[in-house]
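The same chain A turns up in both complexes below, where it pairs with chain B and then with chain C.
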Partner chain A sequence: MAEADDRRRPPGSRLIWPLLALPGTVWLALLFVAPLYVVVAILFGGTDPILREPVPVWNPLDWDFTQFTYVWDHIVGSRPFFRPALVRTVVYVTIATLGCLLIAYPVAYFTARFAGRWKGVLLAALIAPFWISYMMRMLAWVNLLQTDGLVNRALSAGGLFDVHVDWLQGHAATVVLGLMYGYVPYMILPLYAGLDRAPVRMLEAARDLGASRWETFRRVTWPLSRSAVVVSLLVTALPMLGDYFTNDLLSGSPSTSMIGNLINNSVLTPGQTGQAGAFVLIILVVSVIPMVLYVRSTRSGADLMS
Partner chain B sequence: MTGYRGSASRRSIVKGALAAGISLPAMSAFLTACGSKTSSSGAVKIPSPDNPVTWPLSKANQAIAAGQTPKAGSTLRIYNYADYLSPRVLKDFEAKYGVKIRLSTFNDADEALTKVASKDLKFDLYFPSYDSLGKLIGADLLRPLTHDYLTNYDNLWPSFHDPWYDRGARYTVPYTIYTTGIGWRTDMVDADIAGMDNPYDVLWDTKYAGNMAILDDWHTAMSMVLLRNGIDDINTTSTKDLDLIRTQILDLRSTMRPKVTISMYTDMPAGQYGLAQFWSGDAINTPYYLPKNVDPSVMRYWFPSDGKGEIDNDLVVCLAQGENPVAAHFFMNEILDNDVAGKNFGFTGYQPPLNKFTPSTLVSQGYLPKTLQTAVVEPQDFKVGFPLLQLPAASDTAWHQVWQEFKAGG
Partner chain C sequence: MTNPVAWYRNPWRKPWVLGAVTVGYLLWSLLPVAVAVLFSFNAGRSRVTWQGFSMRWYYGDPLRSVWHDSSLHTALTHTLWLGVLATVITIPLGVAMALGLDRWRGRVPAGANLAVLMSFVLPEILIAVSLLFVATVLVSPLELGTSGQVAGLVTFQLSYPVVIVRARLLTIGRDYEEAAVDLGASPFGAVWRVLLKMLLPAIFASAVLVFADVIDDFIIVRYLSGDSTTEPVSVKVYNTARAAPTPALNALTTLLLVASLLAVSLGFLAFRVLTRGEKNAAGLDVFTGEA
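Moving on, here comes the complex of A and B:
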């Protein structure tokens, strides 16, 4: 059958789509490979003797591994002072991502299935946070969360209770909530796209065959949306891994430092810029794991659909 | 965060790539960074009050000829800390000389030096502390000054006419003077800090855990440990002293949960915390940020009454990379004018070292409330106080590693 289809195609048609995809693929590959090489050249490069600025070394034969070794030793060695920030990052990102999922899934589900003619308005409302910069949204929270800010005033119920929660004084909960607030729109959109594509016929078939609402969700809706969930987890968790700004604004305390803060501090400190490259490589390696999960998930999703 | 608005430099893009992991700008960096790279070499002189330095005049960067005027319509690019120049002063200068000022800002001296070192940002004026002067001159980034333009130079305190960090004032004009002490709000901190045997101990008092902040400046923050322990050499290269710093700064981190920031002057008036390590200029500024229903007298500042604390001054230098050195010289002279300096002081809170400003006049003229008079710097403070100096490279690395460990969090 496939051979018959091939015979019907005009000559050269097999090459059209790969050729059309080629420029974009090359462009994306360059955008990945070239910057990565810049990072590596700085990581294994030298330092200007006076200003202590990084001097990239492009020839791998001349690479110096001191900066990488320093970072590695302080993650796994006897004085692992970088390790808590790495662990904290994983914990914060995991909690914040799951929190985002808890918020985003019902919203996306409702929009996709029940919003009806309000779907467009709801989608616009979901995209609305993107119109305001991330920094501005976080700065707004700084005002709201100040000791005499609106949040504490609301909690005090008009002065009924004496509430002086120091939200901005290095609390992990504030940082995690900030991450959730900042990144939840990134999760809603891919989830919506995935749920909107789920064939209604299959849901109706499940109900017709006697499945309860919960069973329909568990055995039909969830498996159909699994690949969208994985995508949305990825697009949310990956930028969170490198986030430093949320912590800087909503905590400012070393006790909530994340790997993004380690990178930022290293970049801004003369003589330590190469170390930032080491942290970037660590994020890259860690990111590969969910990417593999994603690939496996899309494959199983495709199997399910077929 | 910098308010940097210039065109992207090669180095800034490379650093952007690092900060963002792998990002689009790094692509252009890759394409352009294969060219020549700024590099400097040679020994760096380290000036100190006991070792005054006369810097050699740059061969590559010539001083400008006297008698010129700023070109109307030209742009003067200034690189300075955020909120460290009065917008009114800038506008007045623009109107007076017909030049356009483009102000870019930074929050951290290390970050600023990185950007300045890229050379191609075309900043005309930069406001460093003297602990980075050796690096700036060593890397040949400065243009020697033409003093014919600095007609207001005599307004300065005599001690700044021939400063130890730049004999003959070949490259620098003093900008502001300040001490580093402790600031607090009496309505949030009940301790009589000024009356304590060792006021630095209050920063380790767990009663105020979660209610305090320290300066996000590695040398300033860690020097506080030395001063707390009666060690006057805040530029120590001793391993033993550095071990002490490490132990106590990590202890502070784990027991006090400090916020590490330089925005105390807005955070404390907003009630985010009641106790912080403070620069005197920021302390002077705090009453202006207090809510209207809070009495400004709640703000207090402590600095050792015998003057044996950290004292520094910031500078203005003319960068060789700038394209408008004449306007730069005019601006340097302008901020030494008594009236202009007064306007600037009114906005920044940082005192200019001009003869006109004395503790009594500063209070009587309403620049600060009497309760913050301790934040005023006097000439004799520079005779007994301890300046932060540039450290030798090995010690600088060791200090930075302790700070890195502190900021990584436990």
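Moving on, here comes the complex of A and C:
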């Protein structure tokens, strides 16, 4: 079809599409793909012994694995200096993402199915955090969680109890709750989009045929929304992997640091840029794998859905 | 009805629990920000004790208000400036790319598609660190400061217009454009005068999204900032939030919030005007990433 169209059209009509796509393609090649290779070249390059500046090595044949093995040894070796932060990243991100799902699913479901004439208002309120700066939302919590802040005052119930919790001094719970607070909005929208599309008639049929609420959810709603759930988990978990500022603002203690903090602490330190490159590549690999799996699953599941 | 078991079993009962969770979530989500906005009007310098209403932290205080402290209002103007610059570059680049990738077949466009997808989902810190390395380790035209920040932001945001416009192209189809060509328009004319007009709502929506996302950006603008004059609001908040700031910081973020809400409301109004008469353009679809 397309080829026949092109033949009918005047010459030059085929050139127009490459010409339109070219600037953006070149931009991404120069400023997205090539810089990722620079990270690799720096990780497998050397360090200037005097200036402590990284010396990138472009040819893969000349790569020097010293920095890579250094990082690797400190993750799996006998002195696992970096391991706690990596384990913490996995644990925090998992808990925070599942916590987000526990909040986001009911909210998205309620908005899609039961909001009625409040739907527009509700959607606006759910989108609102997108227009509020992330840092402002974190700043709000920094204020509330001060030792003399409103949270402790609310907990002391007007002076009945004496509450002096240092929420901001390296508590894992604060960091995980902060991550949840920060990223829930990103999860609600794709979930809402998926649930809003679910055919209401099918859900009503299930209930008419005698399924309880739980049965309807387990056998109809949940399977219908599964792909939306996967997407929402991805868009929430991946950015969390690179997050270091939530941690810095709400804890600031090495006892809660994650892989993002490792990157942030080493990237600006002379002589440690290679390390930062290694951690960046870990994040790259960890985020690409679920993406590939997702793309594959949607390809095979595309027929099933329609 | 009085039997609680029967009530529980009734599949048509009102979803009280879901409603309560939703209301609870909204309170949890928005109240802290409301408190932060409230304390930007505090008369004293406390961020936890209310000492009366004043505009002190906006312009009243001769030293530390947003109006008088140059480091604060520079952060605000720089943030908005970055938002404008990045949006103005990203949108034409992205729209052209979306149009081109929609029709161009072959290896290069396939690779470009993959790059767009990757830049869409990969954590921002990857782009930030790699561009920081390019700017600091290599001898390259990329420099720290405003130009570097804009380059990084455009790279990160380019996928938004591409994804949104391509989704819209899918629903438009080829018919209008082919009709235009049949009626004597050049291929370029068909794109310029027909397709682009029909894409206007999608272009607008992506411009609003990009602008709002850029003024909220932190990772890229922090790593690629040159000196303190190129530090936007988010970096300012990060640097001072834990170091006993005054409510002027709340005032600064409140002003940014106002700017963001203004941009979004204007964008939404314009979007409604542009999609007037279209049945399926419910409006919010584009913003939820659906369209």
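The working rule: the second predicted complex is superposed on the first by the 252 of 306 C-alpha atoms of A that agree within 3 Å, B and C clash if a C-alpha of one lies under 4 Å from a C-alpha of the other, contacts with A are read in each partner's own complex, and residues count from 1 in each chain.
Heads up, the rule we're going with is that a residue touches a chain if its C-beta (ideal position, glycine included) is under 8 Å from a C-beta of that chain, and two chains touch if they have at least 3 such contacts.
If you're wondering where the values come from, they're calculated on a predicted model, not measured in any experiment.
Of the two partner chains placed by the overlay, only chain B lies in contact with A:85; chain C stays clear of it.
Contact with neither chain B nor chain C is seen for A:96 once the two complexes are overlaid on the shared chain. Of the two partner chains, neither chain B nor chain C is touched by A:175.
In the superposition on chain A, contact is made by A:56 with both chain B and chain C.
By the document's definition of touching, both partners, chain B and chain C, reach A:39.
Between chain B and chain C, C contacts the larger number of chain A residues. Within the superposed three-chain model, A:267 lies in touch with chain B and with chain C [touch as defined at top].
Look at A:255: by the touch rule set out above, it reaches chain B but stays clear of chain C. Of the two partner chains, chain C is the only one that A:131 touches; chain B does not reach it. In the superposed pair of complexes, A:17 makes contact with chain C only, with no contact to chain B.
On chain A, the surface touched by chain B in one complex and the surface touched by chain C in the other have residues 31-32, 34-36, 38-39, 42, 53-54, 56, 135, 146, 148, 168, 242, 252, 263, 267, 273, 276-277, 280, 283-284 in common.
Residue ranges of chain C in contact with chain A, taken from their complex: 9, 11-12, 15, 17-19, 21-22, 25-26, 28-30, 32-33, 35-36, 39, 47-49, 93-94, 96-97, 99-105, 108-109, 111-112, 115-119, 121-127, 129-134, 137-138, 142, 151-152, 154-155, 158, 162, 174, 178, 181, 186-188, 191, 212, 215-216, 218-219, 223, 233-234, 237-238, 241-242, 249-250, 253-254, 256-257, 260-261, 264, 284, 287-290. Residues 2, 5, 9-10, 12-13, 16-25, 27-29, 31-36, 38-39, 42, 53-54, 56, 103, 106-107, 109-111, 113-114, 120, 122-123, 125-144, 146, 148-150, 168, 181, 184-185, 189-190, 192-193, 207, 211-213, 216, 234-235, 238-239, 241-242, 244-245, 248-249, 252, 260, 263, 267, 273, 276-277, 280, 283-284, 287-288, 291 of chain A are the ones that touch chain C when the two sit in their complex.
Contact residues on chain B toward chain A in their complex (touch as defined above): 1, 11, 14-15, 17-24, 26-27, 29-31, 33-34, 37-42, 44, 108, 110-111, 113-114, 117, 135, 138-139, 210-211, 213, 253-254, 257-261, 270-273, 291, 393, 396-397, 400, 404-410. Those residues of chain A that touch chain B in the complex are listed here as 30-32, 34-39, 42, 48-56, 58, 81-82, 84-85, 88, 135, 146-148, 166, 168-170, 242, 251-257, 261-273, 276-277, 280, 283-284.
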